[in-house]
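For reference, the structures are reproduced in the following blocks.
Next come two complexes built around chain A: one with chain B, the other with chain C.
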Partner chain A sequence: MVSQKVKGKPVALDGDRAVAEAIRQMNPDVVAAYPITPQTEIVMRFSEFVANGEVVTEFIPVESEHAAMSACIGASAAGGRAQTATAGAGLAFMWEVLWVASGTRLPIVMHVVNRSLSAPLNIHCDHSDSMGARDAGWIQLYDETVQEAYDNAIQALRIAEHPDIMLPTLHALDGFILGHGVERLELLPDDAVRSFIGIYEPQHPLLDVDHPVTYGPMVLTDYFFEYKRQQAAAMERALEIIPQIGEEYGTFTGRYYGLMEGYRLEDAEFATIALGSTAGTIKTVVDELRDQGVKAGLLKLRCFRPFPATILAEALGDKKAIAVLDRSLSFGAQGGPLFLEVITALFTHGLSPKVLNYAYGLGGRDIVPARIHQVYKDLIEIDREGLTESSIRYLGLRE
Partner chain B sequence: MTLKTWTEILAGGLITDAGNSEEYETGSWRSHRPIIDMDRCTHCMICWIYCPDGSILVSDAKVTGIDLTHCKGCGICAHECPRKAISMVEEAVAKEGAQ
Partner chain C sequence: MAINLKEMSAAQDLLAPGHRLCAGCAESIVVRQVLHAVGQPVVVASPTGCLEVSTSPYPYTSWRVPWIHNAFENVASTISGVETMYRSLVKQGKLEDKGIKFVVFAGDGATYDIGLQFLSGALERGHKFLYVCLNNEAYMNTGIQRSSATPLGAWTTTSPVGDAVPGKRENRKDITAIVAAHDIPYVAQAAPHAWRDLMTKAQKAISADGPSFINVLVPCQRGWRHPAEETIAITKLAVETCVWPLYEVVDGEWKLNYRPSPKKPITDWLQSQGRFRHLLTPENTHIVDSLQEIVDRQWDKLLERCKA
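And now, the complex of A and B:
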């Protein structure tokens, strides 16, 4: 554990390269990955570190993402630290084995560079990929900036390996917007990262032949349900532990992390909720609106799984109107995945403010400040006049 | 057997009690029972190698019989035996014969 503030090194990197640096510093035992735009740069850069002998990692250039996750599962069960990175269709191709990783309680870390799912074929950002995996038992963090992509990559390992959690953890950075966008960030010294993550001491490593253990047996009607209940409990515990790890990370970096971040939210009358890089755009708009006397605020959700329903409801309880921005569609559902979670959180906490849902940014459609202004305008209007049209809306769509 | 609650079992379905699959009586799955004709058997051990359940009983380098608690009746031994010394007999018939 690092208790003293350490001096970071300011650099300009895109999100993919920042994540590659984080993986280099974490120096995992195994990285198994398959290239896919816009993630390729992470493993491409990381494989250079491997070739240069800068890490001890066994790098496995597998034949598919299904194999990548399977190799990580094997490596993690063996007792090693295993990581991978993917995007879009690559994550979809892992779907089956995502559940094996979480059900076997393996603390694998995955870096997801968000990309839409085909068809039509599109390589740009939306959250269909990670939202598609939202029930797979993985902890999910979302990054607003390249700095956060780097910081969350490192914290993901501590979260996953926490003995009271032991769940695979992914963090998601918006494809191209963060993945290929160059930003200023501060890299920690290697030894600070290494001392933060510590030495991994697996409880039941498969390679410990003196204490033989079986991973992945068949479990039938008598016990399967009990194992699933354990996973649910681990998620509940993660709600307590993720902010503790974020606090510890803050003590030596100065950058503190919780489950969510409120931006001018406390006294806000009109709030938006968003994941990922869009939060940055919203902050700019919130500042502009505040200058005009509009009490606008933002709730940026960092942690989507587990979903921090209580603190979210507490933060939103007194708002006049709320907009939930979803960067994916759940076809046939009553709104996007984030919207459904927010509505449930409000309802179960006895709150029923006016809430709008916006689908936006699909296939990388730009979300510009003017669009966010429109959202706050809508909120002010429904507060004044009530809801006259559908609460499910499409932002930035030609109609 | 009392089943444990979700707080009493090791996470992830791990089994730390090595070899406890022995406690599972796969013999109850069997519809056909392998019967060895000891007059034909040369103790070549091919059936012992092939049996997926380790159910060929061996003592002093000689095949002595079948572990019926675990033999699930797959018939692989009978198929592989080069001496055609093993026949698969319907379980009900084999039971009658044994009585």
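And now, the complex of A and C:
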């Protein structure tokens, strides 16, 4: 553990390269990955690290994403650190084995560069991919900036490997917006990262031939339910542990992380909730509105799985009106995945403020400040005139 | 381990008795033969299938060695990950190099069909492991459905015999040749009645410097419709009729291991199993003729490849 603040090195990198740097510094025993836009640069960059001998990692250039996750499962069960990176259709292709990874309680780390799902084919950002995996038993963190992509990549490992969690963990950065967007960030010294992540002590490694274990048994009606209940309990424990790890990370980086971040939220009357890079755009708009005397605020959710319902409800309980911004659709549902979580959190905490749901940014559609201004305008309006209809609003759609 | 009955009978089986495979199933016979030949330390992987469900019903396990099951299609990727982690940890000095061997036991569905891409990828990447296909020529675990290993004319529950269609309409594909086309160090076909041949092949395969593959014919009395006690006799018949030739491909050199004399007619093979019973009627003679023609053609091609 590093207790004193270390000096970071300021650099300008895009999100993919920043994540590749984080993987290099974590120096996993095995990386198995397959290229897909907009994640490809991570695999390319990491392959260079391997070629140049900058990591000890054995890289498996697999023939598909399904094989990438399958190989990570084998590698992690064998008794070492395994990581991968993917996007969009690649994550969808892994879907079956995402459940194997979590059900087997393997602390695999995955870097997801968000991309829409076909059809029609589109390589740009939305959250359909990671939202499609939201019930697969993986911890999910979302990055607002390239710095956060780097920081969350490193913290993901500590979260996954925590003995009270032991669940695979992914963090998601918005494709192109962060993945290919160059920003200033501070890279930690290699030894600070290695000290933070420590030495991995596998609990029942498959490679311990003197103590043979059976991985992936068939479990039927007599024990399956109990297996799954333990998995759910680990997720619940993660709600306590993720902020502790975020706090520890802050002690030496100066960048503290919780489950969510409130931006001018405490005294706000009108709040938006969002994941990922859009939070940055919203912060700008909040500042502008504050200058105009509008009490606007933002709740940026960092951790979507497990969902921090209680702190979210506490933070939102006194708001006059709330907008939930979803970067994916759940066809036929009563709102986007984030909206449904927020509504449930509010209801189960006895709160019933006015809440609007916006779908936005599908297939990489730009979300510009003017659109966010429209959202706050809508919130002020429904506060004044009441909520007349509750259907999903499509932000930035050409109609 | 030396391949002789005395030593084999004295050694402990690495697959424990008490598993739930059917009486007459050849899978446990082959697994025990191969593991005897390969010896310890060994790590085994299996995809979803008969062997997996029959040996790992939690909280029990039949495996006296480390064993991993991931999913149906991806055992080749799984063992790739395990083997690569081993190399990584040994390279870093985190693990002592004990010379661990890696063996896959997979059914034909997991090998010929749903897992072919994963197998091909692992072979191309050159991971050092032995892949044993336990080929019972159909999806037996789900209840005898046709696979691309199922021969022409065979009855299965998805190639049923009806008034319009007399069993499976397509012939099986030659996965052994497909694997050999990857130019890996060792590829072979084997059968459990020829146990010394099979075990010698397992030892050659595991000693190869790279991936190796053995396709083993394993009768399924439930699916093939034969008496449980006929299993071994039936694999012998498969070899005597040239339905299942025994050969190996060592560093690209094809070598025939056994030449039946005389070569028995396909009808001997068809008569031994209920899954072919409908073919032995006058209206299906043309299918029998086709099967004989296929066997003859493939046998001649094999002889040519083996320069035998």
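Criterion: the second predicted complex is superposed on the first by the 396 of 399 C-alpha atoms of A that agree within 3 Å, B and C clash if a C-alpha of one lies under 4 Å from a C-alpha of the other, contacts with A are read in each partner's own complex, and residues count from 1 in each chain.
Basically, a contact is a pair of C-beta atoms (placed from the backbone, for glycine too) under 8 Å apart; a residue touches a chain by one contact, two chains touch by 3 or more.
Given the structure is predicted, the values throughout are model-derived calculations rather than measurements.
A.B. asks: Tell me which partner A:His66 touches in the superposition: chain B (first), chain C (second), both or neither.
C.D. replies: second
A.B. asks: Taking the superposition as given, does A:Ala274 touch the first partner, chain B, the second, chain C, both, or neither?
C.D. replies: A:Ala274 contacts neither chain B nor chain C.
A.B. asks: Is A:Met26 touching the first partner chain B, the second partner chain C, both, or neither of them?
C.D. replies: neither
A.B. asks: So, does A:Val56 touch the first partner chain B, the second partner chain C, both, or neither?
C.D. replies: Only chain C; A:Val56 stays clear of chain B.
A.B. asks: In the superposed arrangement, does A:Val213 touch chain B (first), chain C (second), both or neither?
C.D. replies: Both chain B and chain C are touched by A:Val213.
A.B. asks: Going by the contact rule set out at the top, does A:Gly103 touch chain B (first), chain C (second), both, or neither?
C.D. replies: Once the two structures are laid over each other on A, A:Gly103 reaches chain B alone.
A.B. asks: Determine, under the contact definition given at the top, whether A:Gln230 touches first (chain B), second (chain C), both, or neither.
C.D. replies: First partner only.
A.B. asks: Determine where on chain A the residues touched by chain B overlap those touched by chain C, and list them.
C.D. replies: Touching chain B and chain C on chain A: residues 212-217, 219, 223.
A.B. asks: Residues of chain A touching chain C in their complex?
C.D. replies: These residues of chain A touch chain C: 29-30, 32, 56-58, 60-64, 66-68, 70-80, 82, 96-97, 100, 206-209, 212-220, 223.
A.B. asks: Please give the residue numbers of chain B that touch chain A in the complex, ascending.
C.D. replies: 3-6, 9, 11-16, 18
A.B. asks: Any idea which chain A residues touch chain B in the complex?
C.D. replies: Touching chain B: residues 103-106, 166, 204, 211-217, 219, 222-223, 225-227, 229-230, 233-234 of chain A.
A.B. asks: Could you please specify the touching residues of chain C with respect to chain A in the complex?
C.D. replies: Checking each residue of chain C against chain A gives 40-43, 45, 52-53, 56-59, 61, 63-71, 73-74, 77-89, 91-92, 94-95, 98, 100, 117-118, 120-121, 124-125.
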